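Order as written gives the chain letters A, B, C and D; numbering starts at 1 within each chain.
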């Protein structure tokens, strides 16, 4: 398959460039009979939308999504769901300068070598704008999963040097950072203000979890649940690392410490992050992502142009000083899409499985 | 697709349980006309094979692979390559005790809930023994890539608390740890001996790199090169984290520090690990994996049985005290398989692309 | 994969209901650098469009297609191509009556049992209107193939009892029947006029051919070229049979008659229809399709409603008395899409193959 | 995906050349908990096996299949099922002569141009011997389907000019022709004897049906049930045409005749062959296949060699004078594999669908 489809049974195929006329997606394989309307998708799109605080890019896109098919009289029909967002705030004149230059740490150089041609306006297809469609599609998956008692949500767990602990899920959506610890907000605000003064950017760490999962999701040996989640999460712009549970912390752990012992009352710990042998255990599924600092900064950088000549690049325009800030809804979407696909795949093969063994949490 | 196939154009489908009669694989999509014989596969199989030092499991399997099709008069024919390894050292009586118990941190509990039945002998399909077939298939990919000037190799970069630096590629295959720093060997030996006395296990970090890659491999937006590598590497038993280049280190980096500037002489750094926008840049591709400590240890652990009753589990048998030790050839295989698949996918779409821009390293 | 994607490397995913707001498609995997504009697609869309003669449905849709992505400064960029056609002439009130009834020979009954809900307006997703997107996508494939010297075209080879021979390719596009024999036109006109007076419909046979194919396309053993063409052609509404070359005629042939002997000057016959062992031979590729008579006729028919009660169904509205009449551009599109996909698949694996043996026609 | 895998959820991947060491397959996605043993597969393998009457090739292969994985303590475990048949009667010396020649109507010429190299012994991968693995895998699907009340079976419906009607299902397995009309046997015997005297071969028509299907199987719009069946059936060696229900007969039908009217007591006819809009209707599914005459005959034929020189080819060796004779179990297998895959795909998406409308037959 070409690279713009995600999933096997519940699939999302997307199109669209940053400064083209529109972004779109086709969601195929959605079970019929689920109530669905545009507002269901708009909620997460608004969470991802730029321009909602001074800490994100000031590009203003209403990101108004239309459902063009697959929903009839308020419920899904089982046929493919067509989604469309028109691009309204394009300002392509801002980007003309970089036509022949490769911005460092961007995809300009690699797209050029891969395809020979590229839509240089705003990064074209490699722009983070593309993620709007992931969020719209993910909202459909989230809604179906929620009806099964499965909740997917995320938060920023580190911004630069500032580690953030999960103190209050309620707080996450009430600040522009998706920060789950209200006490950290002043520090985050100050940090971002300084960053802007420095005209620089910074990395971040985002955590996504799913609760209420049944044991059994995941298709060993190659399509393990964690392997496919890693695929989905690593496919998000700027992500450089993905880990589950204790993640890279396991390197220094001993087996006697790492193993999550079980009692009839439940698991005694969750170092594994909810996956054993590539299959969900029923514990909370926990993934962490590392996002690199925004590549678009106004500090001049050395590069070359398409002719191989040295150039100095200064990236103007409106950019997020930390791409990680708006990444939480996107990470949630990719987790929801992966879980949805695996829910369908699991029941296809294992519909008749019945075990009397109790399920632990 | 079901979960036992990896790749889109160059595909590997495997079967086999730890204590069944045989392991096998079908490698489909291999270009015709490549010289290939069983010795080409055996080399990496022998590197992965257990029982070659006192630091790995003493299970002794010759792991002798047979090529059953797809090769004629010494060259590949383009038809599927059937591979088979007979299991010889099965000793299934060792495992009878765990029939009704779930070993902590193993896949017993999750396989039971997913499938209702499981081959409990030696972990069945969830055993690391399955990885032999990945290594055999990976050797085919490695050979093709090598002929294109692409070299895939790996090493252990950390064992428990002992960080290891890449000092000497030559050293890697001359010690049982795949350790690239000969000076570290006494420390590693001592560490492992202590671990065995403690009857415990430990985690590890493995690094895999590819050199000689052309720019352009990877299929945005979902099948980015790093996303598919993450899929492949995370699908290896015991892997809990995957990162590229500076990986989780990017969280605290600034954009001005992270971006790899370019000059006509080449990239000035490689924080990105050889991937930009999900496409290979032509720099060295660098991935790191975190492997959890072996779950099979003789220290008793709490668990439940299939009826939900509490039990105390002691895992006997022959086990690696650090699964990371033998993981290097497996990680190389998964990287090689992914690159091979992407080489074919890239040229399918972009065969006619010609750019005059020089390629940087 | 869900069922609304066609192809492996050059893929088309479509959405849209007959009376929904729009139809759309995403074409992924198109090689970059090909000149492409909306007019390229519009030509075939206009050939398929209803309402152009009195022998097809009088529904009037301009079927104006928009390219929303994947094309920049007049050439394809290698990123997914988003296509959209707004539905303008919907008249959904015409169809309200059949909400709870199953029209005989339609998909009403089967969609109802499969999905539980269905968009009953104009057949919803099962309407032949869906094929507009196949034609638009097929035009992209046709253009690429043409640049490789491969020409795909078709014609009506039988209407009811009237067999039609290929006399003049030029004539095909100058009459509403895609009839390649101008002398047959009066007979066809008279036949259709009588059919309309009878308020009945009739079947047809359509032939599609590709010339200029290289030998080598097709991926045995399951994805043979003829097998995948059969898949694509049989997926067109109303098609009940597909055959290659002499097709069902081979049943009574002897081996000495059927085999296409070869001489240095070329093949001596083409009973095989251009495929041997599932791989193109370089001869003209020939496929024939059988299309059933339109199910929507005004002669009352017996059926049941959703409650299982008997009803009499009269299908009003605007319908083609012979769906086969407009099927030629659709069949061409499915052949072009299949060939395009196989061209890419073939060169991915077999790029380096060189043989000195001459190619025969 | 490469071309040697069939299915999406219930997948079969095969390998093996006619004169290589073995044939094998991996069946992935089989539901767990189904009793399965080698005898279940052997039954159909024996039905397909050559050498059981004087009317088929005298090559003698025991075709003894081994199950190498995926079955434990007599039931499937949900993990991939590895299958292996060793080739025992290879006699490769018979085939040395054709090393540099292209036999007319064989795949020699096309494999040569596609791959550059080919295993010329007995046709290599293009030999009908490959179908043994389809039959073995199909037997697994058949067993699962049977437990759901779905029965797949076939028969020869025409041999050369001799049309055969379905008179007695019981008779099919009691004669070497899979002929359902015992009265026709003397005529068939005489016909075949004459054919052998003529040293020629002849085509055949085979019919396959499935009874007991629920309505709802099939995934529009591209993966319609009939489209995927056409794919699977057309992928069988020598098949040149596939049709459903009245097939090519619909070309001359009128809509008022073709449509299968419904009453509360059931459908009044089955012109459609059990599929409406690409979805099973619950009626008997009926497919017909056209198989070309065996290409290997001893009557000399004109051809060229790999250097382009004219040669006269005489195909010696042991061959079926009518490949259609042994095709029935293969066609059943491909239908069973397709239905099995669609059963799983359907329930993945539509598990929760409930309709009160009665199901018709």
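In this text, a contact is a pair of C-beta atoms (placed from the backbone, for glycine too) under 8 Å apart; a residue touches a chain by one contact, two chains touch by 3 or more.
Every value quoted in this text rests on a predicted model; they were computed, and no experiment measured them.
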item	value
Which listed pair, B-D, A-B or A-D, duplicates the contacts of B-C in over half of its pairs	A-D
Of C-D and A-D, pair with higher C-beta contact tally	C-D
Chain C and chain D, separation of their C-alpha mean positions in angstrom	26
Rounded Å distance between chain A and chain C, as computed from the means of their C-alpha atoms	38
Intercentroid distance (Cα basis), chain D paired with chain A, Å	45
Residue list for chain D, restricted to those that touch at least two other chains	1-5, 8-9, 14, 29, 32-33, 78-79, 114-116, 125, 220, 345, 349-350, 353
Chain D-facing residues of chain C, complex	1-6, 8, 14, 102, 104-107, 109-116, 125-126, 130, 158, 160-161, 198, 200-205, 214-224, 226-235, 237, 240-264, 268, 272-273, 276-282, 290-297, 299, 301-304, 306-310, 345-346, 349-350, 353-360
Partner chain B, residues of chain C touching it in the complex	8-9, 29-33, 78-79, 220, 344-345, 347-353
Touching residues on chain B, where the partner in the complex is chain D	1-5, 8-11, 13-17, 20-24, 26, 28-29, 32-33, 66, 68-70, 72-73, 75-82, 84, 114-119, 124-125
